[in-house]
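Each of the next two complexes has subunit A plus one more chain, namely subunit B in the first and subunit C in the second.
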Partner chain A sequence: MNVQEGRELLRSWREDNVRRSMDVVDLWDSLLSQDPEALGDEKWMVLEQVAVAAMDVQRRDVVERCLKRLKAEFDLDSIRVRRLYGMRHEMMGDWESALKLYDTILEEDSANSSARKRKIAIHRAKGERPQAIGELSRYLNDFLCDTEAWMELCDLYLEERDYAKAAYCCEELILHNPNNHIYFQRYAEIKYTQGGMDNIEMAKTYYAKTLSLNPDNIRALYGILLASFQLASSNKMPAPKKQEFMKMVMWSSKQIQKRYQTKNAPIDPSRFIQAFVSQPPNGQSGASS
Partner chain B sequence: MAFFKAVLFMSLGVLFHAAYSVAEWRYYSRKTDQDTESIPWDIIIQTLAGFLLAMIAVLNIAGEFKEIRATVELSQKSWEDVRNRPSFYLFNHRAMALSPDYVPPSPSASGMGRSHLTKIPDKYLS
Partner chain C sequence: MSSSETSGEPALSFSCRAYAKMALHAAKYPHCAVNGVLLASKAQIKSLSTSSSSSSPKMLVVDAIPLSHQSRGLSPMLEMGLALTESLAEQEGLGVVGVYHVNELFHDISEDSFMKEVGKKIAENMSFSLVVTVDNQKLSLVMESHALIVRQCSGDKLKDVQDIILEGPTLEVVSTLLQRKNQALLNDFDNHLDDMGCDILNRDLNSVILQCLERLD
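So, the complex of A and B:
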């Protein structure tokens, strides 16, 4: 791989929002660190990307080198560089210095969203989840369109096992991008975890929507299988509806088996699924727990 | 690509030639006070042909078309990439212990004294 290819790979990772910090640092070590000047105009972007990746894997030597180069060019007047230095303090576990730096950024530019997000991340890193949730809710009052922040809030609520609020955040994400199958899948999973027949029925509907957006989503197929099976084995369900759900179970299990056959998977799940489906739907299997 | 660039160049030449022909025709028709208002057929055909050729060439040079349905592109995305949030990265995770600079927490901090990790503290021994 030459410098040109390495640069393109890093750019594609930047644009597709891929974490892969270890690979980024390896690429820097093996290829780009000898001559960063060869990167041309993209040099500063790459240096920032490598610095963050190196913080992620705690390669302090790489972090120092990248940050020194950036500081020599832009000085600490640059908010972006100052934020990187704050993140370096976070990597060291020095929360106080990091917070001080972020406060200087916010004094200069009170609408700086990235510094506010870093302060929330510090709360989370220290394990102060309620403070993080409070700060993040206040942040979302100001920046309603930040999908990243909604996702973070969703995860924080999940850690608190507050499924209703997590589901609300997920609804917000769906509104922002109604074509993304992953948000629908996430919403279905939250609803399924929340439990109760109404929620499971809702989960089934959303799994079906996921599948219509992306027919390759195997997780959604398993979701339909599990949700329909639970609904079919519920005692409160009227008989005609039960029949319908059993049909869904049959259909999704067939679909799953078909996917595994066409993809030449090393495991054949048909045996498990057969065993699962052949259980008496309203028996004492405990599936409804 | 090189072929279509040549076609584009040629078609631009054709269009320019057509424009020049119209200017020239207008000049002469005014001078001779002819009443024919419409542009001659050969120039119209030349213009349309040049336009068509230029269109084909540009479409081929511009590169691959993007899918018009948003879901097709999004369905390639995995959960790992969608849920990745660079502005909320935390750095105190397990990769810390794999770094060459890692210093394990000192045993005295964990309340075990300077003894070996697997040693059972005295207070739990009967």
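So, the complex of A and C:
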């Protein structure tokens, strides 16, 4: 790989926002660290990217080198450089110094979303979940359209097992982007986990919507199979509805097996899938509570 | 493969394969909570389930199936992964004997409440199960001691299991695998759901582990 290719690879990871910290640092070590000047105008972006990746994998030597170069160019007047120094404190576990730096950023620019997010990240790192939830909720009052933040809040509520509030976050996400299959899938997963026949039926509906948005989503197919099976197994279910859910069990199991065959998958799930189809639908419900 | 040095003492042992998969799963997703299931031979599980002794289970955990690194706290794909694993294991004469998990935060060694519940569910069918927490802080490129915190789950209670043995030169093998960044070879059920070409039985990795074991043995 030459410098040009390495630069393009790093750019694509930046744009896709993927967390490949180890790979970024490897690329820096093997290719780009000898002569960062060869990166031209993109040099500063790369230095920032490498610094953050190096913090993630605790490569303090790389962090120091990148930050020194950035500080020499932009000084600590730059909010962006100051934020990086804050993150360096976080890497060392020095939360107090990090918070102080972030507060100086917010004094200058109260709308700086990344400094506020860092402060929330510190609560998470310290295991202070209720504080993280409180701060993040306040943050979302000001930055209603930050979908990444809604997703994070959803995760935090899941850890708290507050499924109703997690579902609410997911509803916000669906409203922001009604074509994203992942949000529908997540909503279905939350509803299924919440349990109870009404919620499981809701999960089945949302899994079906997920599949219509993305026919390749195998989680949705497995979800339809699982939810329909639970519904068909319920003693309280009236017979015609039972029939309907049994049909869904048959259909989804066939679909799943077809996918495995066409993809030539290394494992054969047919015995596993067969168990859903061959069990009598009036068995006990094993739905999670 | 050689077994433990001690004899007679009731001890829980982990195969190199099982330990390697837990460690590599943690290393592949250092910023995530990860989890999976542990497998032992059906015959061994059966004899332990029927015996009434309440001491630490004397058995060998032969393999681990990595399940998830995302969707923490959500049950549908966990249920599916567990059921699929059970079915695949059964065809090999193996059964699910417990779960393992690694926490998201580096210093956190508390047991995951979701995994504890899964452990309880497994214990319903066989009178006990294992809930293993992997300690991030003890994973490194040169490991001198194992990183497992093992709890035995029976009924509603969790009891610490102190007497743990790793099979043969497991720590050397796993240190080597981590130095070679072989965690890239490991697939969990989440990977499988994203791309069905990913093998949750990790047969490619199994042969790499075996080669490494043979070289060191």
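Keep in mind that, in the parts below, the second predicted complex is superposed on the first by the 283 of 289 C-alpha atoms of A that agree within 3 Å, B and C clash if a C-alpha of one lies under 4 Å from a C-alpha of the other, contacts with A are read in each partner's own complex, and residues count from 1 in each chain.
By our rule, a residue touches a chain if its C-beta (ideal position, glycine included) is under 8 Å from a C-beta of that chain, and two chains touch if they have at least 3 such contacts.
Everything quoted here is computed from the prediction, not taken from an experiment.
After overlaying the two complexes on the shared chain, residue contacts for A:Asn214 are found with subunit B alone; subunit C is out of touch. In the superposition on chain A, contact of A:Ile182 is made with subunit B only, not with subunit C.
In the superposition on chain A, contact is made by A:Glu90 with subunit B only, not with subunit C. With both structures placed on the common chain, the touch criterion links A:Ser137 to neither subunit B nor subunit C. In the overlay built on the shared chain, the residue A:Ser78 is in contact with neither subunit B nor subunit C. Of the two partner chains placed by the overlay, only subunit B lies in contact with A:Arg59; subunit C stays clear of it. In the superposed pair of complexes, A:Glu159 makes contact with subunit C only, with no contact to subunit B.
Residue contacts after overlaying the shared chain place A:Gln34 against neither subunit B nor subunit C.
Of the two partner chains placed by superposition, A:Ser12 touches none, neither subunit B nor subunit C.
Subunit A residues 19, 22, 56-57, 125 lie at the interface with subunit B in one structure and with subunit C in the other.
Listed in rising order, the residues of subunit A touching subunit B in the complex are 16-19, 21-22, 52, 55-61, 87, 90-91, 93, 113-114, 117-118, 120-121, 124-125, 148-149, 151-152, 177, 179-183, 185, 213-214, 216-217.
Touching subunit A in their complex are the following residues of subunit C: 30-31, 71-77, 79-80, 83-84, 87-88, 91, 105, 108, 181, 192-193, 196-201, 203. Subunit B meets subunit A in the complex at residues 70-71, 74-75, 77, 79-92, 95-96, 98-102. On the side of subunit A, the complex with subunit C involves touching residues 19, 22, 56-57, 125, 127, 155, 158-159, 161, 186, 188-190, 192-193, 203, 218-219, 222-223, 226-227, 259-260, 263-267, 269, 271-272, 275, 288.
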